[in-house]
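Structures follow.
Shared chain: subunit A. Partners: subunit B in the first complex, subunit C in the second.
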Partner chain A sequence: MLTGAAAFVSSFLIVAMLLGLFVYAYPAIRFNGLGFFTSIVWNIGNQYGSGATVTHNGYSAEPGASFGGLVFIAGTLLTSVLAMIIAVPFSILVALAIVYRLPAKVKPLANAVVELMAGVPSVVYGLWGMVVVVPFIGSVVAPFAHDHLGIIPFLGGATESGNGLLAATIILAIMVATTRDSLQAQSKSIYEASLALGSTTWQAVTRAVLPSVRGGLGASILLSFGRALGETMAVLMICGSAINTLPNTIFSPVNTIAAVIVSQLESALTDASGMAQHSLGELALALFLITLLVNGVARVILRGAPHAGVIG
Partner chain B sequence: MKKLSALTFACAIALASAGTALASVRLLETGSTLLYPLMNLWVVAYQRDHHDVQITTQGTGSGTGISQAIAGVAQIGASDAYMSDGQMRVTPMLNIPLAISAQQINYNLPGLNGVHLRLSGPVLAGIYGGRIGYWDDPHIKAMNHGVRLPHQPIVPIHRADGSGDTFIFTQYLSKSTPWWNHGPAYGTTISWPNVSTAVGAMGNPGMVQTCKATPYSLAYIGVSFLTQTNEAHLGYAALQNSAGQFVLPTTTTIGADARALENRTPGDERLSLIFAPGKESYPIINYEYAIIKPHQPDAATAKALRAFLNWAIDARGGQQMRFLDAVHFLPLPANVVRLSRQQINKVH
Partner chain C sequence: MIAASAARRRRASAIVSQAWWSASVAALGLTVVILAAIFGFVGVRGAGGLSVKLFTTVTSGIAGGLANAIAGTLLLVAIGLAIAAILGIGTAMWVVEFAPPWAARTVRFTIDVLAGVPSIVVGYFLYVALVEGLGWGFSLIAGALALAILVLPYVERSADVALSGVPRDLREGSVALGARPAVTIFKIDVPYALPGILTGMLVAIGIGLGETAPLIYTAGWSNYMPSLAPIHSPVGYLTYVVWTFISQPFAASHRLAYAAALLLMIFVFVTNLLARSFVEYRLGHHRGR
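After this line comes the complex of A and B, so read on.
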């Protein structure tokens, strides 16, 4: 009875939030139309100007206003994909090492480190990124890439690569933990049987163990992807808050939906027409839907997965 | 054990009520990171003699200052920008100048930070507008003879949060450069032109940090952070004023600008001091505003607010040079103090 009620309340909350967000964003959805997904110009309009207000579909905003979300939507996806490219292979290797390689005495320590990494608030990662990672990329990595690889122009300090790297660090711990659980739920017999048949440890892992936990692995990847999509504070602190420009190298400044909602909210609240607030609402709705989609896909994979382990 | 926790509880209650008795009114100041260093000096000094009020300060950006004062979350919204006509129509607020501030243009040019480069409004507009991409651009060279400028892309840094510094900087660009005025124009948040090297930063501290961490970058930073930018070994520019002269932000040049415009200050004190006439005038100066709701929730809050604000603009109070010098601000001229007092007395 109690559990049923709790389940009902939580699903009701999700639906209520989605509906509330939709109602809040509705004026912006009408005002922005499809331009929301195709335009890179985010302009809350000239609050101090005397020009004519802009009107679309019966909804108006300040002179010059335009709310294109492409920079933020693209930035969110690019940062998260970059984070996954770094985190997925790395965390699979770490998880494999913890389950199959490390001596029993060291294992608890490795597990503790992984859990500690997952527990550090992301704002701490953000500060570290701002003070250490970004200056390092700006003054060492990017100039090196520019001088020696010659293909990537040096474009300043706060960067997408820094962003991806940081988001990768944050989701790394979660990925290691979930992958490790999948592997542990898997009986060791597959690994041992494979070795008995004469395969090397590398063959046993890549041909036998990983394929047998692919469901759990897929779900773990998607859940971490969802976490990377929504990461806010750390990203905001180092992304370079790009506006009206799409990144053209991995060293360009970017912006993400979550970061721009935080940095633009107070300015949006000073918009006399209110359309900037509604447009931030529309961005939030877009992020919500992307995250729901990713989680939904993860659930479906998880349901069909053998030996899925404990996830999320 | 039980006794001990009861004792702790009693102590907590006693302490809490003592705290309430000491500070009967709590005021929250939030907003401009440019005004924040001065507010901190003021509040500490003020609270030494005024135990009946507890003032908390926060540097969150002028956009936040304005919106939280409107929302009633903060009693004092600090802003480098006055509110727009549109905002005033929706929510009429008092815009009360507390001091005169300025803004410097900082840069991180390895080897050249000891040199005061000469820059103009149109050149800065060109950089932030994507028309001038390299430090050795002919437009920059033309006003800096004899300086060996590097062939490196310029990284223009702008504020990512709603900011009064953005407001006064873009107002300088708008008043000095017609195409900027017809394009991006000015505001606490503007739609920055598409420049692939452009970087956003949060607050003046974020601007200092980003400029320091990014070689070949350029930033606009409030003068109250001059000490920090000097410690970070950033250079700052001499800016071209409306008379065509290049001037550094000093007490003389900031004061010259203020004198040129103080008599034009209207009753509601919403006035731009940017790009004032005069050979000596530094072009980017502004009033630092307290954005205040005329109707306060109760009489005690209104009284405490009036007392603090009146102290802040008093020559024997907040306008003493020992406060203002520390942040490179200038005191309000006498007639502006008079106007500010009239506005403060409207708080009830």
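After this line comes the complex of A and C, so read on.
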């Protein structure tokens, strides 16, 4: 059956990608060892053939080479967590407004806005972030935080990065859509019963309705988190492409796995030993595994919850 | 005393409730403002770059037009979508009509997993497997395959939902009249589910138009019109222009970047509008029955 064969293309693709990336990254996995998770130094080594090549576990790279992934792994998690801290409460508020406050006539318009927002290419968000948001943070927000909130840890720096903010904007639309869907799938009787017991409308929503959809909510948070982890272009355009340094404030330049895979392509191609390319493969594999884990947990939660729509 | 404090408490929670709802509506307002700001920003800066020349000349260095990028984007999306449509709709038909429950569950699960794979991972894998491994080089087919893999889940899921929504009695009536499964599918299921399938395809077009990272690794970039050669010939596309040309220190390259961003936004806006009109058609269609 031809359509039956088509159906297993997705299974085949996932297995092929996992195996393919693992085989390709294998020399790097052996060469880097645990240093991949603990070292912050990314250096493709001396490409002019002077000095002795470095060899670990039988695999070698050019003199001085080191492929530590910690900066990128930490940056990915930091950016995504920051994005979630902003996006989760914000999008729950937006979804509540759409479901409980908008007149029926305006609702389709709000839904159109959310869908359009989800459709804006990430590279356009990046352009906007680079030209508008980051200069604003750099010239207004960060100096203010430095002068007035400097005693709060992680807020004291003055270099620029609107990473988390922009990633939050990008996942906002997905979070709003999935939250809205699980709210709408929930029967009105819970809300009404809570009102009848004397709670205010806000209490009814936060103490009765939201707890009742926590499964769908948890899943949509995880799906958005997975999306934030893999976000590439917008983050790449504004993250400041930090290398060999960890961020010490939320305004520091950072770098993410997805961004570094793009920005290091040309440099990696010049590595005569090929180890830089294999190490990018190891980064891609690491990102793949992290998102698989996050999405897997989300799907398990979602199975026990009302269906949260097609999006995401 | 007790009655008075209860009344005070009730008033206080009424105020708290009102305050939170105001915050909630304000958050919605801010969302609308952000979207309007992005559209306004791209519209104002991009409009200056629009001209006939933009559509008729190719990029040369950091200036010129966008004919190559527009043609490349449309070509990549068209081929990618065609592949995804064959695979996705085929999958959905099998899952809805023929698959045993365990297989349907497995396929739907892997489709969901595929939807969660970051686009850069897909891009890097195809780079390793096709561009380097098979020696295709940056090419039309590698880029189109990347887009196909990325939009496949959206095509499949919307076709799946649409086909599952076909009323059982219609389908059983067709089978009872002696129609073969293929006839039932193409004469009953597909026409009924068509608006839903097309909506999914439009969503897929929107996603394909906006992809950048996986194309950098598969399609590469070219200053020339796409050659239609499937391999060994890189292809230009609009999102690349936005990403690279904005970092060049020239006004001409910035104009091109903003013009490319504006074209992308227009494409996305139009596909969204079409998708919405299909959804409304579908709702009307169902209500009419």
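Side notes on the structure shown:
Simple rule for what comes next: the second predicted complex is superposed on the first by the 289 of 312 C-alpha atoms of A that agree within 3 Å, B and C clash if a C-alpha of one lies under 4 Å from a C-alpha of the other, contacts with A are read in each partner's own complex, and residues count from 1 in each chain.
By our rule, a contact is a pair of C-beta atoms (placed from the backbone, for glycine too) under 8 Å apart; a residue touches a chain by one contact, two chains touch by 3 or more.
The structure displayed is predicted, hence computed values, not measured ones.
Judged by the touch definition given at the top, the superposed model places A:172 against subunit C, while subunit B stays out of reach. Once chain A of one complex is fitted onto chain A of the other, the partner contacts of A:42 are limited to subunit B, with no touch recorded for subunit C.
Subunit A has more of its residues touched by C than by the other of subunit B and subunit C. Of the two partner chains, subunit B is the only one touched by A:62; subunit C is not.
In the superposition on chain A, no contact is made by A:85 with either subunit B or subunit C.
When both complexes are overlaid on chain A, the residue A:130 reaches subunit B and subunit C alike. In the superposition on chain A, contact is made by A:232 with subunit C only, not with subunit B. In the superposition on chain A, contact is made by A:139 with subunit B only, not with subunit C. When both complexes are overlaid on chain A, the residue A:270 reaches subunit B alone and has no touch with subunit C. With the contact threshold set out at the top, residues 130-131, 236-237 of subunit A are in contact with subunit B in one structure and with subunit C in the other. Partner subunit B is touched in their complex by these residues of subunit A: 40-44, 46-49, 62, 64, 66, 130-131, 134-135, 138-139, 153-158, 236-237, 240-245, 248, 252-253, 255, 263-264, 266-267, 269-270, 272-273. Of all the residues in subunit B, the ones that touch subunit A in their complex are 60-61, 63-64, 66-68, 70-71, 83-87, 89-90, 153, 155, 160-162, 185-202, 209-210, 213-217. Those residues of subunit A that touch subunit C in the complex are listed here as 1-4, 6-11, 13-14, 16-17, 20-21, 24, 90, 93-94, 96-98, 100-102, 110, 112-117, 119-128, 130-132, 169, 172, 176, 199-203, 206, 223, 226-227, 229-233, 236-237, 258, 261-262, 265, 280-281, 284, 287-288, 291-292, 294-296, 298-299, 310, 312. Listing the residues of subunit C that touch subunit A in their complex gives 13-14, 16-18, 20-21, 23-25, 27-28, 31-32, 34-35, 37-38, 41-42, 86-87, 90-91, 93-95, 98-99, 103, 106-107, 109-122, 124-125, 128-129, 149, 152-154, 156-158, 161, 200, 206-207, 209-213, 216-217, 239, 242-243, 246, 257-258, 261, 264-265, 268-269, 271-272, 275-276.
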